[in-house]
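Labels A, B and C are assigned to the chains in the order they are written; within every chain, residues are numbered from 1.
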Amino acid sequence: MDNKNSIFRFLIPSKGYNILFYLAIPIVIMALYLTFIWSPVERTMGEVQKIFYFHVGSAWNAFFAFFVVLVFSILYLVKRKRIYDIIAGVSAEIGVVFTAIVLATGPIWAHSAWNTWWTWEPRLTTTLILFFIYIAYIMIRNMEGEWQKKARLASVFGIIGFINVPIVFMAVRWWETNLHPVVLGDGNEQSGGGLEPSMLFTLLFTVATMTLVYFLFLRKGIYIEQLRLETSKLKAKWQEKEINREAS
Amino acid sequence: MRYFITPALLIALKDLYSEWRTRQVVVTMLIFSALVIVTFSFAFDPTRQAVEALIPGMIWVITVFAGILGLNRSFLSEQKQDQLHGMIVAPADPASIYLGKVIANYVFVFVVQAISIPLLLILFDFQVPGDYGWFLLILFLGTFGFICVGTLLSAVSIQSKSSEMLLPVLLFPLVTPIVIAAVEATRIVLAQDASISEAFSWMQLIVVYDLVFFVAGFLLFEYVLEV
Amino acid sequence: MIETNGLSKTIGEKTIVRPINVSFQGAETVAILGPNGAGKSTFLNMIAGLIKPTSGLISFHGNALKKDDYTLKEKIGFLSHQSFLYDYFTPIENLIFFGRMYKVENVRERAKQLIDEVGLKLFQNEPVRSFSRGMLQRLAIARALIHNPEYLLLDEPHTGLDQQAVSILNEVIKARQKEGVTVLMVTHDFQQVTDTCTRALIMRNGRLVDDLSISELGQDTLDSRYQAVVKSS
């Protein structure tokens, strides 16, 4: 009976998730409306400029997700609670997805803005290295062995991976300005200062929406992990029971 | 200190003595770096102008790749009979094991550099203009940072069965700042019209990196070592 | 005196050792018995400070074992499944390295004396990599004793040893016993238990299921007691 209860407990998504989910639907539709219909078309770049809202939103969320990895890695090493490890792992996966979006939209933007697919622009290059760092992080998590070991090693890597980010950014920026001094200015579109007010509003709105989506994914990811855990526990229990039955 | 400096030196000496006995790691690293030099000279035609642009990159490619060979072995040799467990139960600060390994790994890479870099300069007929001092300082700082991260990650990766494959994947993204800064600083120092002051900001970056990751290794090593 | 308080360990989903409360006084030689997978080695490894317990405390003479309490670690001698020895070093070099880690004085003499005691004098300058399992085990025992530990933890010390080596080991254990050393020993060898030990603990499925005094039992009774405890479920 106890088992059954626990299954049902995990099959029903929590209230927090439901609230997030139903909140997200209108907001995402609103964000799409703002981006594609309400906000004006940029003069020189045309429709392609709209990718910028998602590019910036994904970039911000990727950094945020990796910051969450850092926080929960430290928490895991101090408290050794499994939930912290799960949160760090799920957040890293979401972060990698957002990083991939940044890396995919970046070249599209670059192609229409500067007529080249890839520039070794510091933000883009840092994002690329970030992508590799967290792929490596996920590889540690996929190591063989018991979860405690993987969680411990992944936490250590999650910490040094994140403190590396500002150093990478500095190095790449100096390197880029030394090698290609005037490929592009300090992207005035990206500073926010040169933006049309309606564009700025749309940008802020999409960034907020994508943050909400991040939390939705995080909640869902944790839920899936817990479900997976519960399943493997049940399986182990069942196996033990079978073995005992056969032995007797 | 009693449980920190002494064990660290003991472990470093133990590694160096063991290497002196077998000469496995350093010799392999040397052969590898010689092969890198030869391969590079085939891949890039070493004409006069190209050499100056090529040398800084080659120095660091040799250091990083040969270094990874050594780092891979560093903790594998402690695993055969679980010698690492012997160190954990010994009265020694976990960070002292890290320090000892950093020293030993640094010495290995240093020996390789001491032989392969002069060889590289001779084969490509390259004269170091001006002062050797700055060049050596950059070499020391860059290699130290690389070894600090490499030793920590080597201890992480040996806990996987496919450690040789895991280590480069973990290490390369993390050492990009070192590779960028060290190559740039070396390029400035080795240029004919070398102006050292331009290399200072790169050297500062390397020093910051060294400090950050040496401290990180110090603090985090005990978590890596846990059983 | 060694005392454990609610000592337990979970690896992955499996609980290897369930909370154990036990104490060992003074010059006891305690055998830890039990079937494979009972958690004996894990229990011993936790006392040695190798494995971090999931919960619970270990204390030596009332001092809790903490990870930075190195003076306490200096008093523990630990023989594991693995020898901890370096292949390319000779027995003398191996013992000197570990002796220095434990800050032993006159380490060279001490190493020679121990090599004598375990009967490896002829091989003292040969690299360890050519040694047989039994010779390695002898040297590993010497390694555990290099710093004259007050607590000696042995994980299956008799495996791989020939008859002569077994009696050497038993002599070594008995000599330490007279010096007041607490010896804990995980083993499967009932003969050696009755020869050397004063007390036996029986573990099953991570639990401590029996705790008996050897001096009050003959071999038959230890054997039957063991069978009875392990079989009952």
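Note that in this section contacts are C-beta pairs under 8 Å (C-beta built on N, C-alpha and C of every residue); 3 or more make two chains touch, one makes a residue touch a chain.
Which protein is which chain? UniProt says A = Heme exporter protein C; B = Heme exporter protein B; C = Heme exporter protein A.
Quantities reported herein were computed from a predicted structural model and do not represent experimental measurements.
Compare each chain's C-alpha centroid with the centroid of every protein C-alpha atom shown, and the nearest one belongs to B.
With centres defined by CA atoms alone, the chain at the far end from subunit B (Heme exporter protein B) is C. Taking B-C and A-C together, the pair of chains sharing more C-beta contacts is B-C. Averaged C-alpha coordinates put the centre of subunit A (Heme exporter protein C) at 32 Å from the centre of subunit B (Heme exporter protein B).
Once the centre of each chain is set as its mean CA position, subunit B (Heme exporter protein B) and subunit C (Heme exporter protein A) turn out to be 39 Å apart.
A separation of 49 Å divides the Cα centre of subunit A (Heme exporter protein C) from that of subunit C (Heme exporter protein A). Along subunit C (Heme exporter protein A), no residue makes contact with two or more other chains.
For subunit B (Heme exporter protein B), the set of residues that touch two or more other chains comprises 226. Of all residues in subunit C (Heme exporter protein A), those touching subunit A (Heme exporter protein C) in their complex are 11-14. Put simply, subunit B (Heme exporter protein B) touches subunit A (Heme exporter protein C) in their complex at residues 149, 152-153, 156, 159-161, 166, 169-170, 172-174, 176-177, 180-181, 184, 201-202, 205, 208-209, 212-213, 216, 220, 223-224, 226. By the touch rule above, subunit A (Heme exporter protein C) contacts subunit C (Heme exporter protein A) in their complex via residues 146-148, 232-233, 236. Of all residues in subunit B (Heme exporter protein B), those touching subunit C (Heme exporter protein A) in their complex are 2-3, 6-7, 10, 14, 17-18, 21-22, 77, 80-83, 85-94, 222, 226-227. Note for the complex: subunit C (Heme exporter protein A) touches subunit B (Heme exporter protein B) at residues 45, 48-52, 67-68, 70-71, 73-74, 76, 78, 80-89, 93, 97-98, 100-103, 143.
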